[in-house]
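Heads up, the thing below is written out as structure tokens.
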Amino acid sequence: MDSIRQALAEIVGEEQVSTHPEELYIYSFDLGTTEPHRPDYAVAPRTTEEVQGIVKLANKEKIPVVPLGGGLSLAGLAVPFKGGIALDLKRMDSIIEVNEEARYAVVECGVSQAQMCSYLERYHPTLTHSEPGAPGTATIGGNIAIHGQGDLAQPYGFNSDMVNGLEVVLPTGEVCRFGSCAIGASWFTLHPLPDLGLFLGWGGTTGIITKISLRLFPCKKIRGVGLFVVEDEELVPEVMYKLTHTQMAEDIIAFSQAIPPFTSGLQHFTINLAADSEKELEFKQEIIWDDALGEYIRSGAGGFLGFSRGLDRPVVSKTSDWRKGGGFEYVGSIMPIEKYPECYRRGREISERHGIPYTVLGRCIGIAHAMMFSWTYAFNRADPETVKQARGALHETDDLVLELGGTIWKPGLYGQKLVVDRLDPNTLNLMKKVKQLLDPNGIMNPGNWEVSR
Amino acid sequence: MDIIACIKRVPDTSEADAIKIDSSQRDIEKSGLAFKINDWDEYALEAAVQIKEKLGGTLTAVTVGSQEWNDILRRALAMGADTGIRIDHDVASEDPHIVALILKTVIQRLPYDLVLFGAQSEDFGSGQLGAMVAEMLGIPHATLAVSLEARENKVHISRELEAGTLESYTIELPALLTIHTGINQPRYISLGGIKRAMRKELQVMSPNDLGLSVDMLIPMVKLERLELPSKGKGAELITGAPEEAAEQMAKTLKEAGIF
Amino acid sequence: MNLADYKYADIIHRCFRCGYCKFPVNWMDANNCPAYARFRMETYSCGGRLWLTRAWLSGEIDWSDHLAEILYSCTACKNCEVKCPLGFSVDILNMIIAAKAEMVESGRILSSVKEFLENIQRQGNPYGHSRVKRGEWLEGTGIEPYQGHDFLYYVGCVGSYDARAQEVARALGKVLQKAGVSFGVLGNDENCDGNEVNKLGEETLFEMLAEENVAQFKRLGIQKVVTLSPHSYNAMKNDYPRFNRGFDVMHYTQLLESLLSDGRLDVSGGFDAAVTYHDPCFLGRWNDEYEAARNVLAAIPGIQLIEMERNRDSTLCCGGGGGNFYIDLLGGSERSPARIRVREAHATKARILAVACPNCLTMLEDAVKAEGLEEELVVRDVSEIVAEACGIT
């Protein structure tokens, strides 16, 4: 162990390696309900070269490497299940380039969402990125690696669809680039070069993303949120369909929660609008409230609760303190929007059975091509019984997702198994081959997505 | 294990120019000085408390001094001593033999397995007290202990010699040790700790109470005079660019016969 | 150690480690916690510190020097408390200080912290310099010992003993003299205000200092105090009331602000330079005072005031709080918050980095040297700038 620590210190410097119990303790945790597992080393590199050095050493010594961004997957995706090196990538936080004309930014993997928001607001106010609403310490790298979605999901899709290029350190230590950057051109396009389907959605088990070229989108002068509500959950899919057809809105989210009690049983919509002028804003509002949603408002099936200017970016989340308990975890799923009513009803039932006030949310992805539907279960970290209840509810919900015909977004160990068990055998076989090819020694985030079994 | 730790109150002399000789020329000017437990004694106390925490038993802190010396006993009690004993006697005469006699008389009346002293004091630094008391008590002793491990009836210690050499001993108890700095990290004594320690017992006795009359306390060594050393020529500052300074330095050392 | 005995046992688990606490109010950097900026390991963030405290007190991890270092690397800059969006955030620093207090009571703290506290116990200042030297900075200033004057000019330990800070203590004294303010000082009779002692968790020592100061000021009939240091200001304003503080206290920038607006100070001599102002934590985030110093600087002809990216409540702590100007847990690296701050100041193209706190002064000036920027950036206290503009040499 000692010689490995020494070798790591030679790569990143003495201060960026730790085998102290304190660091090992902290880096063993996911913030959700996943049980902690202690790494053997906590390491924080600064450059791609340092990451390469670490990965090569890990390969030689057969030590697991667990890449970590903001650590907010809440699915245990950065828990060192087999010990090894907890690799804290947040020091790789430079915004390398913002290209205004081609609307992209090249960033290191550890750039935080909040840093991205504030940097663009300050220095490139006509550009914005799709901000996921997780606490601002979530990283760009981590978010695209798990196919995250943000406040531009409608109409632009997953955050991982907004990638023009990647730089990745393979588990065997080589550095690869994908997209136009791979042929020495600027980082402006991914297609038509060989793509990066090998590194997104794999839970950090096939390599370490070190640089990203992220597509940016127009940021208009006026941004705000319109609030709409319906009582009948069966209406939600058609409302989403109609809204998306207008092509006038940005982020569209439907949500329902038990607290505060007067919201319980209702389905609220937040509809983000952006405009460069009052004329544009008024026009868009007319199309949405008068034309698309007018019938519901006039018949009383739905209510317009007003439009407020200004968007909280980054979003500040207080979910963890709902039960004054310092913790929550959620099942995220990618579902067909038509399943919203059932997701809501079944989710509510599971929550209530586990004594947890229900919280569900559906975020429209693409032009209603799908939604990210989540069921959130808060727990009290000081009360193990509530953690147990939350875990039970989470597992039941994982089962529910597949039963209803969706798929689990960024599943933890329990959900991973459900997905793998259902995977097309040829696909699974190919995944095994890919994993074996890229990571012959099985060092990259072992425990997660164990397809090589 | 029953431990006795002997401690001394000394002035804080971290600033060299704080010390002035008083009008008697046999003592220093005390006003304007702050006082504390002798550094070496603090390490001894910490060692004693650690043994007590590990093996149980009692710890008694003993000092010989005037009333202001109660404060160091309070600190010892705050650190973990059970009882503090002060023999009320002005030790300005500083003949270690007299202090040793008084301490030996107190110690003899108490149950003890181990007696600890600091290796020397910060002010007079004679380093004699521990060895004297051990001889008077007729028990084995070792000085300058830099490590200490206590068992039920023996201690393992190592002593520091020159050039970093260590010699190790196992000593049967009862025994006396003088403790060197660096043997441990003495714990911090908070003001809250001192306040709480006010509840613990602090006994004061006079030498008479011990059966020691004035004519038994005649010093064998008499302090004639205290004086400050005369100021030397002062330092020579060599300035200039590194190459010039190095040349000048080499020349100075050569002229001084250093090489 | 027992979690049940810990004062905040019922809320310490509520930290989610979401990490908002790492950011400044304006989100411009994920490293506004000075200890986290220095070490970049999760343990050094506020959330890390809270989780480790809980783990230590419930016996999951043992006390160690490293744990003590992590805890004492907190400078009490209040960034985390201001940024945390959750309901218990108002007690975040209280929780960390209570954890430090647990360590203090157990006696197991860093040796540098032990020295700091013992020096104050013994000599009334953390440096351990003799009490009888506390008033040496007064020599030649003609400043009077307090005897019924309008104001007590309370200097504090850093201003009294640190050579560079003494220059500022004198500069401010001369400015007040020039403005004809009636003030006196305590000289050798001045004792530590206890702010850092409080933030280091030595509660009983702080109580003793506060009680003694309050009693002394009462004896002398002191009604109004103006402090050199925001640390003194903070302790006297916010913590002394529970010891029956019978006087009003202001920070010197507030007094200078009112002297200027009353026309009692002639700054027409001007100060020709581009200046950037560093908000001290104990004046800014702790006491919401961001404008007094700025108004003073704005009143001086020739000053071009440039703001750093992280200004006002987004300020990056210089790393000197929580006793760290002495125990120095955040030094020794180009990632030391003081050096990061100096680089930020330098990037504004200002030539003068203005401070209003003797701790910030010493931390940032050392950092300028460490950065090799002495030719390009000079650290000056606001009072020194005012003194120059008043024609005081």
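Think of it as A, B and C in the order they're written, each chain with its own count starting at 1.
One rule holds in what follows: contacts are C-beta pairs under 8 Å (C-beta built on N, C-alpha and C of every residue); 3 or more make two chains touch, one makes a residue touch a chain.
Since we're looking at a predicted model, the values are computed, not measured.
The most central chain, judged by C-alpha centres against the centre of all protein C-alpha atoms, is C. Which two chains touch most often is answered by the contact tally, and the pair is A-C. The mean-CA centres of chain A and chain B are about 64 angstrom from one another, to the nearest whole unit. For the pair chain A and chain C, the distance between mean C-alpha positions equals 40 Å. Distance between chain B and chain C, defined via averaged C-alpha coordinates, is recorded as 37 Å.
Not a single residue in chain B touches at least two other chains.
Looking at chain C, no residue sits in touch with two or more other chains. Multi-chain contact residues, meaning those touching two or more other chains, do not occur anywhere in chain A.
Within the complex formed with chain A, the chain C residues making contact are 11, 13-20, 22-23, 26-30, 39-43, 48, 51-52, 55, 60-62, 64, 66-67, 70, 85-88, 333. Residues 12, 14-15, 18, 32-34, 36, 79, 185-193, 195 of chain B are the ones touching chain C in the complex.
Here chain C touches chain B in the complex through residues 104-109, 111, 113-114, 117-118, 121-123, 128-133, 202-205, 207-208, going by the rule given at the top.
Those residues of chain A lying in contact with chain C across their complex are 15-16, 18, 20-23, 25-27, 29, 31, 42, 44, 70-72, 88, 90-91, 93, 112, 114-115, 117-119, 122, 135-137, 314, 316-318, 320-321, 324-328, 380-382.
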